[in-house]
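Structures follow.
Note that subunit A is present in both complexes that follow, paired respectively with subunit B and with subunit C.
Entry: the complex of A and B
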């Protein structure tokens, strides 16, 4: 698998979106979307980050890889039109630009029949709030990568809890992956470290809270 | 620590092996204020990389670093490092803001492609919805049989959306006609959805309030449990088929 994600990373870094897409689609034929996300795309992007750490590529290269990865995720996104009536909304903390993980999380929800609205990166808090109030989601997913966003993350969680007290708030991104942030967990707020954690959470809730008949 | 004179018009530091700042240029002061220690301005995500490369073992090095400016923004800069000896290094920074053209152009192309795809999808969805809406509206034509009676054959599944689409024109057609008997024909009805059925029942109630007599014909056995369970307004009559209705009205005329 290492060969595959490194090959993908090199396509992404060279701006070869067609080759990158073909590679991913080839793997998608035999795997679930989650497996493609976790075993190929995520490690490829981590590898890109490592290459920057190793002083082998520049931030410009990283941006190019991110944009092409984004494009591929959009094309892989499952859109059946049929939903189970449950709604989830996804956004990054203000000014946070790392949004690929969040985008994959949205697809995970879609794959399970949810209606998912991805607001993306760099959306100001008041716009997010307006969307949440209009959309009335069952779940709000928020993500942040860089550690100095912690205060902003805490603030937006508080705002969401006030705006939609009935909704579940799922918090992810590299901050959670690195530091856990378990102290933020409440009955309605949960920090999740990986896509696998989100999948478990969804399976868990499907049994009770979000079962078909509720 | 002193300010260095006569260096390049760029942010510049001279540091020791522990990253203490010994000299700085006016440009460095302008951007970063007066930090004592170089690590004070290195972004957390850059630290590991900097520890590796800003080290006497690499006599000369070039690396990208994210650095904190005194105004609280992060600055991406190419950093050129030269160790004069094992103790002191010259660190020259070249900010990168204007060097992203290659990426910007490529990004722009991809963004445009994405936006286009998204818009095409939205348009396609709207087109499909318009077709459905049109079909729905045609699913309950108002056909005058005689001066007093009209036939409304219903087609397809009875969904909430479909009944919503037909109710307006049906009410208008009824108002414009002289009919006082409306026959709702279920012969071509597929599935009956609860919400759709309830809305239809409401519509029939509205019509009967307008003084019309409502008769349902052509019920299929599989419809009956739904009709029984969800109930139509009182006063609605049921007959087997259009044929039966016509025959009995002819008999009446005789």
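Entry: the complex of A and C
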């Protein structure tokens, strides 16, 4: 698998959209969307991050790879137009720019028939909150990558819990992936370390809470 | 650490750093100084977060990352070690809960050992 994600990373960094897309689509033929996201695209982008860390690529290269990856995720996105009536909203914690994982998470929900609103990065807390209050989602998903964001992440979880106490708050991103942050978990808040964890959470809830109440 | 403590440490570290290395100002100007200040804000924030979360990894991972980013861009581990030692030194001049102080001292020491090991194995 290492060869595949490194090949993908190299296509992304060289701006080879067509090759990158073909590679992903080829793997998609034999795998689930979660597997493609988690086993190929995520490690490819982590690899891009490591190359920047080691000064082997520039910020511009990294942004080019991100833009192409974003485009590929959009093309893979499962949009059937039909929903099970459940709603989820997705956003990055303030100032966090890394949004690809969050976008993959939104697609996992869509794949299971949920209506997903993806706000992405750069939306100030008060506007996120206004959107949440208007939309009244069943689940709020928030993500942060850089460790600097821990205080902001903690704060927004508290704000959401207050604003929509009935909703579930799912917390993900690199911080949770690396450190677990299980101490934040409550009856309504859950930190999830991977896309597979989100999928398990959705399967679990499908058989429990959401079916009972619908 | 309260804001005043952090500001005190950052101010002192930046001052000493630029006294010890006047070439830094000649080479990078005020912009470089601003970066050194920001870097130290980040070091202290990560120390503080580590303590709050009681996760040592939080700071040591940050040090590993910092080492990669700086060393690959021509800033040797020696400068990071020097910077961490200054934080240790000026931290002693501040008022702080003893448990918290010991935690930071231990974390900085562990990270310095790691950086020294990296320097020696090169």
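FYI, the second predicted complex is superposed on the first by the 212 of 214 C-alpha atoms of A that agree within 3 Å, B and C clash if a C-alpha of one lies under 4 Å from a C-alpha of the other, contacts with A are read in each partner's own complex, and residues count from 1 in each chain.
Everything that follows uses one rule, which is that a residue touches a chain if its C-beta (ideal position, glycine included) is under 8 Å from a C-beta of that chain, and two chains touch if they have at least 3 such contacts.
Values in this document were obtained by computation on a predicted structure and should not be read as measured data.
Clashing of subunit B with subunit C is the outcome of superposition onto subunit A.
In the overlay built on the shared chain, the residue A:97 is in contact with neither subunit B nor subunit C. Counting the residues of subunit A that each partner touches, subunit B and subunit C differ, and the larger count belongs to B.
Judged by the touch definition given at the top, the superposed model places A:136 against neither subunit B nor subunit C. In the superposition on chain A, A:146 makes contact with subunit B only, while subunit C stays out of contact range. When the shared chain is aligned, subunit B comes close enough to touch A:64, but subunit C does not.
When the two structures are aligned on the shared chain, A:32 is found in touch with neither subunit B nor subunit C. Of the two partner chains placed by the overlay, subunit B and subunit C both lie in contact with A:53.
Once the two complexes are overlaid on the shared chain, A:17 sits against subunit B while remaining clear of subunit C. By the document's definition of touching, of the two partners only subunit B reaches A:74; subunit C does not. Clashing C-alpha atoms with subunit B appear in a single stretch of subunit C, chosen from 1-9, 73-81, 91-99 or 109-117: 73-81.
Contacts of subunit A with subunit B, set against its contacts with subunit C after fitting on chain A, overlap at residues 53-55, 147-148. Listed in rising order, the residues of subunit B touching subunit A in the complex are 44-45, 48-49, 52-53, 61-64, 76, 96, 99-100, 102-103, 106-107, 110-111, 113-114, 117. The touching residues of subunit C, counted against subunit A in their complex, run 42, 45-46, 49, 53, 55, 57-58, 61-62, 65, 68-69, 72-73. For subunit A in complex with subunit B, the residues that touch the partner chain are 15, 17, 52-55, 58-61, 63-64, 67-68, 70-71, 74, 146-148.
The residues of subunit A lying in touch with subunit C in their complex are 53-56, 147-148, 150-151, 178-179, 181, 183.
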